[in-house]
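What follows is a single structure, written as structure tokens, with notes after it.
Chains: A, B, C, D and E, in written order; residue numbering restarts at 1 for each.
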Amino acid sequence: MNSLLTYIALLPLATAVLILLLPSALTSISKALALFASALVGVLSLYLWLHFDPQHALAFAVKAPWLPALGINFELAADGLNLPLVLLTGLLTPLAILGFWNHFPEDLKAQKHWAALLLLMESGALGTFLSQDLVLFYASWELILVPAYLLIGIYGGEQRRAATLQFFFYTFAGSLFMLVGIASLFYLQTAAGAEPSSSFVALQKLKIAFDGEGLASLASAQGLLFLAFGAAFFVKAPLLPLHAWLPATYRQAPGIVTLYLAAILSKMGTYGILKVLIPLCPQAVQAYSPVLMGLAALGIVYGALLAIVQTDLKSLIAYSSLSHVSYVLLGLFSLTEGGMGGALIQMLNHGIIIAGLFFVASILEQRRGSLLLKDFGGWSQATPVLAVCFFILTLGAVALPGTNGFVGEFMILVASFKASVGATVLAGLGVILGAVYMLQLYQKTMFGPLKEGDKPSDASFLEASFLTLLVAAVIGIGVAPQSFLERSQEAVHAVRSRFAEPTSAAWNTHSDQAVVSKGV
Amino acid sequence: METGNVLHLLSAYLFCLGLLALLLRRNTLIMLMGIELMLNAVNLSFVTFSRELNQLNGQLQVFFVITLAAAESAIGLSILVNIYRNFGSIKTDRTTSLRG
Amino acid sequence: MSFQDLFPVDSLSVLQWQAMFPLLVLGAASVLGLLVSPIPRAGRAFAFASVSGGALLSLIGLSFMSFQDPVSVLDGVLYFDRSSQVFSFVILAVTLGCCLLSVGFDKREHLVAELYPLMGFSAVGMIGLVSSRHLMMLFISLELMSLAVYVLVSMQRRSAEAAEAGLKYFLLGGAASSVFLFGVTLLYGTTGTLELSALAQSAQGLWQGQVPLLFALGLCLIAVGFLFKVGAFPFHSWVPDVYTGASTPVTGFMISGVKLAAVGLMLRLGAEIFALPGLLESHGALSQVLSVVTALTLIVGSLLGLVQNNVKRMLAYSTIAHTGYLLLGFMALTVGGQAAAADAIASYSVIYAVMNLGCFAVLTLVNPEGHDDLMLKDLAGLGRSRPVLAFALSVFLLSMAGIPPTAGFFGKYYLFLSAVSSGHIALTVLAALASVVSAAFYIKPLVVMYMDQPQDGVSAPSPRWFGAGLVVAITLVLTVVLGMLPAWVSHLL
Amino acid sequence: MGEAVVHVLAALAAFLGLFVVFARNPFTCAFALVGLMVCLGGIYGLIGAHFVAALQVIVYAGAIMVLFVFAIMLMNLNEEESEYSWGHWRTYAALLLSAAVFLILGSGVNAWLSDTRKPSSGVWTFDHVREVGGNVVALSGQLFSKDYIQFEIISLLLLVASVAALILAKRKVD
Amino acid sequence: MTTSTLSVLPLWILLLPLFGFLFNALAYPLAAGGTSKTHPGVAGSVASLFMGASFVLALLGYGKILGGADALHQPLYDWIHFGELKFSLALHLDPLSSMMTLIITGIGSLIHIYSIAYMSHEKGVSRFFAYLNLFCFAMLFLVLSDSLLGVFFGWEGVGLCSYLLISYWYSDEANVQAARKAFLANRVGDLGFVLAMALIYTQMGTLSFAELIAGVSGAAVAPWLFGAAALLFFAATGKSAQLPLYVWLPDAMAGPTPVSALIHAATMVTAGVYLFVRMHVFFELAPALMSFVAWIGVVTALLGGTIALVQTDIKKLLAYSTVSQLGFMFIAVGVGAYQTAMFHLMTHAFFKALLFLGAGSVIHACDGEQDMRKMGGLAKALPWTHLFMLVGSAAIAGLPVFSGFFSKDEILYMTLAQGRGNFLLFGLACVAAFLTALYAIRLLTLTFWGPSHFKGHPHESPLLMTGPLFVLAVLATFGGFLGIPHEWAHDAHQLSLWLSPVVAVTGGHEAALSEALVSGFAVLISVIGLGLGYAIFRKNPDLKVLGLEKLWAAKYYLDEIYQAVLVRPLHALGALVERGLEQGFMFRLGDWMGTGVQWSGDRLRAIQNGDLQAFTLLLVTGLVLVLGILWTWAHI
């Protein structure tokens, strides 16, 4: 039982505490310390990714009793589902710190806060991804709440107060309902006579009743559980009606925090759906999947529509993130193996692309001092490196074949086409609108005449290195995604086998006689 | 109606009178007397029950209750003096500065 | 039949003396403290030394004892078991903490030296309250604790608010105790004994569930008694006024110490009488009433807390909300028949005491000189002027809100667990909503401390008392460590 | 014969109780309360609790009520107007509530008297007490064999009360 | 399925342009320290070198296939293999794709050479050549890959390159808007493509052409087939600028002229036709759609022709001419004459590239002037260009001997000969051919003959530009002989022979009129058109046709309709949602909840008024309630 995962999950937490305790003389090294720790975690996560063999269900498992009385243990393991996300978090954090090196506030005390709180968030995210115990999952889920709140609240934009409060209450209320859900799971176990344990393996053996028709089924055990867990995950992802907190928070948060919120923390929501919601309430999710797919598809169009009319960079990218995440949700709720696999890799891709976009946005903001689109124009001549990287990231966001965006989009579209044609067509419309606002964003900033007396400096070495790595990832995964996909094959198959044959779209039932489909 | 019942009813009656004093009267002194009344009701109930149960235990507790009543009235009156010094009167409608 | 064999006086065994050791030591120390306090200059120091020394000594003594099999003195008058040990331990710790807390504050605010012995006496009452099964002994300890606290509340001679608070607490407390006492007489009258376990047996033996009305009325009156002390809804009106009126260390003592003892009493009565099989079920109405009381306590506690801008008053309402959570556990214990709920209540109250003690230690340090009402805006800019204090206060507040890395989360989860297991799903959801609303006002100080600038540029220089600093440190470490490793506090009883 | 005297004293106590609550002048309340306590002392004596009767008359009527009279004089409380007025809704609410409590407790007591499932009666009948040497002897035996711990704790309580009086009521504030 | 021999040739044909792109995009700018310091000569020649090498390999491939190998196959790798989704990429060179590779690499290299000179005065030209090479790589990927998915990769790749090349001069806002319009129009089409792929994959479980055609042949007509075919056609209209989605092509002229020649004449726009011919077995199963395609083709041809008549910008005229000629190809595909469509595709590539490059050299000579009314009388100043433009116009008009004559007439004949053809279609096609002749002569008269309005003194283009023009002129004249109709020569129609393994010739039943009669009639129409045109345009360039010219000049108000129907309502909806839902409701949701809770808190505060009497009242009421409930419970 090697403790690789404990290091990955707890190293950032330990360094954060160390940084907080640094005597005032040493605060200057807090940024470097944070970089070193996150880089170490990055290397470890890369090692984990390379040495992960898909057949072994729970690799590198670590299990230590945390609270035996209630059957809660500190249980971490890498399975196919969390591997890409652990890799994303592990690698993105040091790169983000590197990229944002001179975007940190000048005064040392603030730097110390930023470094420590960022590492706390990383530990929270990694804990959520790696934990195989529901209570540990909840604990690390909540861990990111306070650091994010403080970072946005103290160092955010002007109207940060309202944004942070909304962010806090939406997430906190959602997660409290999850807490009630976890408690009732414990009750269901004791009622079923099983020895109470909150590890996923044990929970999945639980037979939870699901009966009743339509809305009435919400009152059954599995329906209630679905609502409880759904509340937390749909707020975090966000699914359409629960997204009110997203634009304000992304707009007011400082650069690196928005990057973290969009790239990694929103994945906790979608990962939660795949890891917790679907396996625990398979029948419920299957019954509600048409409604959920509708909402997801609506989210894509809704986000895209709003992105088109935005006037400032960050809210445009924020709404685009809403649109892309709804895409991932569409894949998840299609409940097909390809759809869920596509959603999983799209989480990774969206993380990379949105990190790049927000990073570019904060570079533009730092150079120009304003975020309004009309203040930019023609930067392509002055900042070629930034322009090229930004363009390739835009292509990724537009899901051009050859970029990583297309991999996920194509798998999700093909898979969810089988589940519900209407939602897929709507999603397709969303992709077109996506091209509209992404090109609008790129052209308003990079093309067109350069404003007179406007000499923006090109990306610095650190910024350029971060961007090139992201671009490499965008093209690399776009061209050869199979190395990522094969690792999650078994895990997604296991989730898929949790429930019966999905109700495939109506019209292809009679197509059997017309076509002989041969497996290649 | 043998004595046991009468005395129980009397103790209940005195207890309610004590409550009434507390509810009705604005003068804190009378409220203190109300509390004394309730304690007396308790004593009466204790003694009557101990007589019915032929036990000494009840009467013994009365001993403690009486000492407690004494201590309580001592503290009550000193608080009253304190209130009088601060508010100039011992009416409860004056003492409402802590609110909301 | 000579006098001796009529009234046999059985001598106490070594084990019993050992069990009574903390009670005796603390009593003696408090009396000593009382004696030395009037000494002109050093009176305050001696009083503090004697009482805290006594508390420390009994704390150490207590920690060496192990009450696997309970020790009963005079068949139940004093009854020491795991739960009494745990609660006494925390009570002693809280008393020690409050004594440490008030060093320095009392000199600046001109509180009399008798503050410490009174705390000591109140602690003696509390220990009596949690380690006895004799109804009258419970009542007398309750009264000792309350009277001492009435005095502590109104001892701040300068402020009219303290006097008013003392008056309100005294009168309402007196009424509640009389109601409690009347209930005791009724129980005594209908079962013939004052000892809880004997009472339960005779109740079971005599009536097998079909409890006579008078016995049930007695139970209700007792319930009203301790519901008042705990601060449940209809009987909670005194909580905000008294906690705001009293000076900060006293409020700290009341919130963590007195509340804890009251919960110990509630647990004791709940486990011994109320959880009698067939008692509460037969009286479905009682459980309905209890759930309504819990729900209203949660709602009042969280909603009213939101609209406060005096920090102490806000924390007063937060304790009402916490009472709501504890009542949730109590309902699981009594109506739901969940024995594990006792464990949940015990661990939650321990964590609750630690959180609140730490919180009030910080408030004592931050309290402006002279006037005793700390407004929210006085905390502005604390994040910069006193970063450690601000961090500590934030951790305590977040722990009260139930955010995971802190102990508060685990306590709340454990309670939700037992509540849901006893089938009170609706109430648990209401509790979840209440904790969201209460999170709203727990966050307010955070917002003010970290995000606002103090009005006059620089916030008032707060004192650096060693005692209070120590308490803050210990409670901070405890809150975080218990959050990380809740196993220590999970299986107390 | 004793029974009748008890009933008379009970009626007298009840009557005096009304005065305590409704009299406007605190003096009348105080004296009514003293009268009430003496009646109760009488009742205790008649039903055999002689020690308690003595205690009641000496401590209660004697010490505590005297304390009250002192307080009344100290704060020269004369009759004040805002006591209670019959027009105010609060008065009727108070009456109604206390009447309700009385009725409920009364019905409880009646039901209990007719209830057959009574606990086994103790050993201390009248003559057994007389045989041992009287109520006081029996009580002191019981007190110092079974309940001496409460005795000790109650002493602490009295100590606290005296400290309280000292602290709160002291004239000059340093 | 024919046997295919494994060979690495297709891979190299594909990779060479990619290496060219990498050199010009990364290696050279890094070496030279920034794109602005790159020298057009070096960048251009290296790019042309790579294209030439790729052309040689394409010839080699042609030779191999000619020498008996049915097809060259090169499996690449499994792109996605996850659960029920299995996609793999492979290259497949068969007669059809070999012909396309020859066109792409052949005309591509000529245009590369031409642009060395054309772009010589530009600064930082390596970016231009990089994009050109990338475009060829994408186009080759499109024609070489053996599955719909591979085609889609190329499909979107060429869309991207056309965006980059149209907005090459990105400092001018108009170019950027045109590029965006092109990209979005293509995206709309591509959505159709993706949905078609999803539909086909859900039905057939595969996207590879071989398996699709095998699976579908002999199957009954199914509704989903029609759906998939319709979607693919919608995608083709996007890429090959047919009626609904053609609006982007005229604006694409904002890019440099070689770009227009390569992308918007020869290669990219023909992708739609190639797709139809590649999956003709699939489309045959949706006959209703095919006749619709034919009708769309003829209407687009007419539309393109009419608008070209009133254009004043030389490149816009040629752009609309391309739209019209593509219409012709879709007519051929619609009626089922796939080989004729490919034949016209080839000849069109030759003479349209010639015309565009010729126009380019005219513009180059008049240093950037594109408005024909400001030109005129250039014949003397630019003798060679004038000659080549003559050849080009003759070919497009369909004069005998020139390639246009053979391919266009075959289409006209096929509209009668094929099953789905009919007289009305034939008639309208003839009108379109007449229009073609008209605008061809308009171009010549306005630019070369008639009075000279041009201020400056135009100079003939250098050899680097006229060389490729010469080669194209030769191809434009003799290209037609590849497809001589059967009646006229014994081993006729080399092209249909060459394509027969891939595209089976569908039996054309005897048409009402013989092929010779139809071609004679066609020649008559073009000669009349040329004469009439010359007569009209010699006097004044503005055509008056009973008021129709205003409609044509305004491009049938199609742009305005799109703007009104699509773009403006989109923004309006977005703004409405932003103001109404997002700011109005969503953001304030939190505040409403906050104030709601606050309000109830204040109401509750009232019960806490600090009066002791109130507290005791509350306490006793609580007590009474508890006792009361107990009492009633005990007594019911």
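Descriptive notes on the structure:
Here, a residue touches a chain if its C-beta (ideal position, glycine included) is under 8 Å from a C-beta of that chain, and two chains touch if they have at least 3 such contacts.
Keep in mind the model is a prediction, meaning the values are calculated, not measured.
Counting only chains that touch, the fewest steps needed to get from chain D to chain E is 1. Shared contact partners of chain A and chain C are E.
On a Cα centroid basis, the chain most remote from chain A in this structure is D.
Once CA atoms are averaged chain by chain and compared with the all-protein CA average, the nearest chain turns out to be A. Annotation: 72 Å between the Cα-based centres of chain A and chain D. The mean-CA centres of chain C and chain E are about 79 angstrom from one another, to the nearest whole unit.
For the pair chain C and chain D, the distance between C-alpha centroids works out to 30 Å. In this assembly, the C-alpha centroid of chain B lies 99 Å from the C-alpha centroid of chain E. Among the residues of chain D, those in touch with two or more other chains are 90, 93-94, 97-98, 101, 104-105, 107-109, 119, 121-122, 142, 147, 150, 154, 157, 160-161, 164, 167-168. Those residues of chain B in touch with two or more other chains are numbered 15, 19, 22-23, 26, 32, 34, 48, 52-53, 55, 57, 64, 68, 71-72, 75, 79-80, 82, 92-93, 95, 97-100.
Under the contact definition stated at the top, the residues of chain A that touch 2 or more other chains are 165, 169.
Pairwise, the chains that touch each other are A-C, A-E, B-C, B-D, B-E, C-D, C-E, D-E.
Residue ranges on chain E touching chain D, taken from their complex, read 613, 617, 620-621, 623-624, 627-628, 630-631. By the touch criterion given at the top, residues 136, 140, 143, 147, 150-151, 154, 157, 160-161, 163-168, 170-171, 174-175, 178-179, 181-182, 185-186, 188-189, 192-194, 240-241, 244-245, 307-308, 313 of chain C touch chain B in their complex. Partner chain C is touched in their complex by these residues of chain D: 104-105, 107-109, 111-112, 115, 117, 119-122, 132, 137, 141-142, 144-147, 149-150, 152-154, 156-157, 159-161, 163-164, 166-168, 173-174. Taken together, the chain D residues at the contact with chain E in this complex read 90, 93-94, 97-98, 100-101, 104-105, 107-108. By the touch rule above, chain A contacts chain C in their complex via residues 20, 65-70, 135, 138-143, 145-146, 149-150, 153-154, 160-161, 165, 168-169, 172-173, 176-177, 179-180, 182-184, 186-187, 190, 224.
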